[in-house]
Amino acid sequence: MTTDLANRSTDNSPTQRDYTASQLLAVSASRVLEEGQIVFAGIGITLLAATLAQRTHAPGLTILFEGGVIGPFIVPGELPPSTNEQRCTRRANMLVPITDVLLLLQRGYVDIGFMGGAQIDRYGNLNSSFIGDPENPKTRLPGTGGGNDIASLSEIIVAMKHQKRRFVEKVDFVTSPGFLSGGSSRADSGLPFGGVKKVVTDLAILGFDEKTRQMRVDALQPGVTAEEVQDNTAFDLIVPEGVKVAPPPTEKELAILSDLDPERLYTA
Amino acid sequence: MTVVPYAQLRERTRQRDCSLHEKVISLEEAANIVNDGDHVAVGGCTVSRTPIAMIWALVRARKQGLTLSRSITSNEGDIAYVSGISDHIMTSWFSQGIVWGISKMMRAYTETGRARFEEWSHMAMGLRYRAGAMGVPFMPMRAMMGSDIVGLVDNAQEMECPFTGERLLLVPALNPDVALIHVQRCDRYGNAQIDGLQFMDLDIAMAANKVILTTERIVSNEQIRRAPDHTKIPFFAVEAVVEAPYGCAPHECYGTYEPFFEHMDMYAQISATKGEEGVKEYLDEFYYGPKNWTEYLERVGLQEMLDATRRGRSVYDD
Amino acid sequence: MTTDLANRSTDNSPTQRDYTASQLLAVSASRVLEEGQIVFAGIGITLLAATLAQRTHAPGLTILFEGGVIGPFIVPGELPPSTNEQRCTRRANMLVPITDVLLLLQRGYVDIGFMGGAQIDRYGNLNSSFIGDPENPKTRLPGTGGGNDIASLSEIIVAMKHQKRRFVEKVDFVTSPGFLSGGSSRADSGLPFGGVKKVVTDLAILGFDEKTRQMRVDALQPGVTAEEVQDNTAFDLIVPEGVKVAPPPTEKELAILSDLDPERLYTA
Amino acid sequence: MTVVPYAQLRERTRQRDCSLHEKVISLEEAANIVNDGDHVAVGGCTVSRTPIAMIWALVRARKQGLTLSRSITSNEGDIAYVSGISDHIMTSWFSQGIVWGISKMMRAYTETGRARFEEWSHMAMGLRYRAGAMGVPFMPMRAMMGSDIVGLVDNAQEMECPFTGERLLLVPALNPDVALIHVQRCDRYGNAQIDGLQFMDLDIAMAANKVILTTERIVSNEQIRRAPDHTKIPFFAVEAVVEAPYGCAPHECYGTYEPFFEHMDMYAQISATKGEEGVKEYLDEFYYGPKNWTEYLERVGLQEMLDATRRGRSVYDD
């Protein structure tokens, strides 16, 4: 349950290319994954990203589902609707209790966790608990699930839609720790490992400055300007000079996504 | 919810009848095992192996003041709030399910302060049950530190590890008064076998003071003994066994039936469009109205049942 | 592995009755067990005692084996030779990892554990680790196995042969705690539950004074005098006035033992 | 043996190749994975599912300075002392088995100070592996306090519980460098299924830095996936897979063969009557002498193998 409800990118890409924003997110996220990694996947776009990586550059990548599933393989057209139903166990290598699959994070077996969130701030902290004052919230969100565990114990990739109301100066509540208040504050809080590796949006691929841990534009999505990214972000982004443009999704990548999700339930 | 002191934990266990004896009773009788104010742990996860039949029985018995705890809470949490059986749910995530959006009832009750949703990380919930199952007052863990979650929970303590000097979070044991667990099969003594996803049910069963098992079917003790390494819950942890076919409907039971998606959509629609009144009508129709569990299933509908069953069994088709 | 090697009572009863010392121990131990109890059994005499209780006054008694077995039932003539081989799983209700069967002790599910030992002292402390100085032992014994866990966390019944070299003033090493130095010392050491319920020997059934926790003769085995018991004990026993004589094994009890162990492998 | 700091534990795991890849090698190659001085955890318990073939390979490779740990140690501990591969064994009980009396080799080596037998309670051993498997530096427990055992072990700490004020003993995590585990079946990636008694093998596998699996047979990944809830060790924890039929002989492998009792009696007789010299002759005959594992089995003898197999399979006869 690490994909946030509010994070349904189903509208069209702002660039009006031959792919949707959701496909772009899936492709961009898949490219961050590396061969041999063990990846905690959510449903939808993040699962598509992990499976796409398996079918392109990372055939030995392993997927974990929070419901207690190790090494499932996705049957095209049968993407599971959650991470803890029997459909998640298709062609799995092993089933374990939930606590034990989460303990793989603590034991150091998980390379990447996929996360979403209603809000993210300049230090990559994620909020999926409260909009407004937690004591008297405007909206009570569904909560962390395993998100806090994943973000505390492994590197994470955040995949979400790039909107000013989501990219906020300071999250209303730190559900899942990013780099907290930057610098060494994360390690100082008892979290010596992990952190936000990349934030993948429909506008950019973002990383974090190694020292200050502030969010930085690593690459622009095709057809997007640095100004557009900043305009859709409520805090000042670091934009290196001459920031590159990410290569657009290839035909092969889009074909695989179409094969996996032929009815475009998750990539419309 | 404070940690149950060891003396009390031992005394409660000592008072129970742990002999090998038959313990099959009805849903209604099983509801009597739960007292107002109890901490009731709910097995399964989200829409999987949820002990709906037992929750149905608790709602009909008009229980009050229960604290519910669960790995992840789906719309049985709505039912608990709106029916009035509980105003305090401890869990890591609470909404019907990702595909159905944020729970309107969870929002309505928690944003107005009528009920509490005490949020712990998923692993913390698991380790709290595990500590309870092991008979120790806490488990050390390495998550939740640094976040704001830890500031809103009842009880968690940081410590410096005496071996390594590392910072650790100690999460307190949960020893529920009662655990409700639904299984594919068990015998009349309560030896339970669970297929597929186990979720946190093994730890919950061993942590709880009393376990109420609902089961798709009751099998012979001889069948259990033919595969003793498939038994997941020992009979002596079990207080009562209730045969409740389709006891998770409209949720799923691994290998037996998938969720009843039309019914779940219908519920989501009602709660979203008609709000609390809609859910009360739903309770009247499906919870208070039926004469018995079979009539509940009739109202849910045979067509949906057959469809969910076909999908559920398909996991063994390959 | 809670039955001590040195504790093989295979010689004849000193009373020269129609039963052996081993049969007497098994019968006496079985009578201490109660209906509905959950009992950690070792092999040999203690397993016979638990099974005999099931077939007489305690049909709902449950046996646990340290190897990870819950609720096995003994097939006559096929007593397992250890507590962690496949023969222990005959007709079992459940198999669990070793750590989890031991955790049942900590969780409070175990009513009685059966123990042996090379030495026992007046407070019921048991030694199965070292004879002589532990730093420079005369004999290194096989060690605790689960004995320490059982003795720390549940009530125990000790079944052993009554000899002066075994019933010592002070054990050379406390492998499994009895009442330590008596009084409240056991609880003060972090062990608020359990303790030695009975010591069953071929000469007597012994208990412990509720206050001082010193060993006391509760009953004499048939044909044995209090003097004989004291003569075979290296410390002063409490012998209440008018101490009773335990009823001898009945024909029914002996017949069941013969049925369970027809070749007298454990009851010779 | 001190607790592995978390940074080191994570770094070791990070350096491994956890991808889904084939990893079948020979016994001899597998022995190269073990370095002199390593902490090697031995799976199984007493004479059950002991990874004899791997120990045989380590003896032949003349490893030195290993610390061995195990739930309960049988005569593979004698072999380890006398062959010189280990002079430090951490375990809860050490002798060939109750029916064979006290180990003469254990006595000969420990009473003279030539080797150490570090004694922990059985549950403590289990919880130490479990802590290692969970990635925490200790587990709290409620035994071993008050006894003399706690004074002779390397590292255990009492604490007062911050939630209840109760006294607890914290036992330090074990994260073995290598675990040797024998299973009934696994695939070429290392997904292992274990029938019957599990002992501490699941925790040992997850606690260790590297797992060497020996297996009665290698099956297809498809077969593993047909029963994923029977898989007990995930492939990514496994460094190497070695097919070693009768890899526990003369010990037992659940459902496959019982102990080779005549051979075990013969060994007990030799060590009791001829002492260390007798065991050295045994090593020459069965460990150093055979060309390969098959010749070892030939020397153990076909008649015993057939008899042990008949008894072993009988668990499924009912």
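Worth pointing out:
Going in written order, the chains are labelled A, B, C and D, and every chain counts its residues from 1.
By our rule, a residue touches a chain if its C-beta (ideal position, glycine included) is under 8 Å from a C-beta of that chain, and two chains touch if they have at least 3 such contacts.
What you see is a predicted model; the values in this text were computed from it and never measured.
Think of each touching pair as a link: the shortest run of links from subunit B to subunit C has 1 of them.
The interface holding more C-beta pairs in contact, when A-B is weighed against A-D, is A-B.
The distance from the centre of subunit A to the centre of subunit B, with each centre set as the mean of the Cα atoms, comes to 29 Å. Centres computed as Cα averages put subunit A at a distance of 59 Å from subunit C. Centre-to-centre separation between subunit A and subunit D, using Cα means, comes to 41 Å. Averaged C-alpha coordinates put the centre of subunit B at 38 Å from the centre of subunit D. Among the residues of subunit C, those touching two or more other chains are numbered 69, 89, 91, 95-96, 103, 106. Residue positions 6, 135-136, 141-142, 166, 168, 196, 198, 229, 318 of subunit B are each in touch with at least two other chains. Contact between chains, as defined at the top, is found for A-B, A-D, B-C, B-D, C-D. Note for the complex: subunit D touches subunit A at residues 6-7, 9-10, 13-14, 17-21, 133-136, 189, 191, 206, 221, 224-225, 228-229, 231-232, 234-237. Partner subunit D is touched in their complex by these residues of subunit C: 1, 3, 5-6, 43-44, 66-69, 81-82, 84-91, 95-99, 102-103, 105-106, 129, 134, 137-149, 152-153, 173-177, 180, 185-186, 189-191. Listing the residues of subunit A that touch subunit D in their complex gives 35-38, 59-62, 69-71, 89, 91-96, 103, 106-109, 111, 192-193.
Note for the complex: subunit B touches subunit D at residues 2-3, 5-6, 135-142, 155, 157, 159, 161-164, 166, 168, 170, 172-173, 195-196, 198, 226, 229, 318. Contact residues on subunit D toward subunit C in their complex (touch as defined above): 45-48, 71-72, 91-95, 97-99, 101-103, 106-107, 110-111, 117, 119, 121-124, 126-127, 129-130, 141-149, 152, 158, 166-169, 196-203, 252, 254-255, 258-259, 312, 315, 318.
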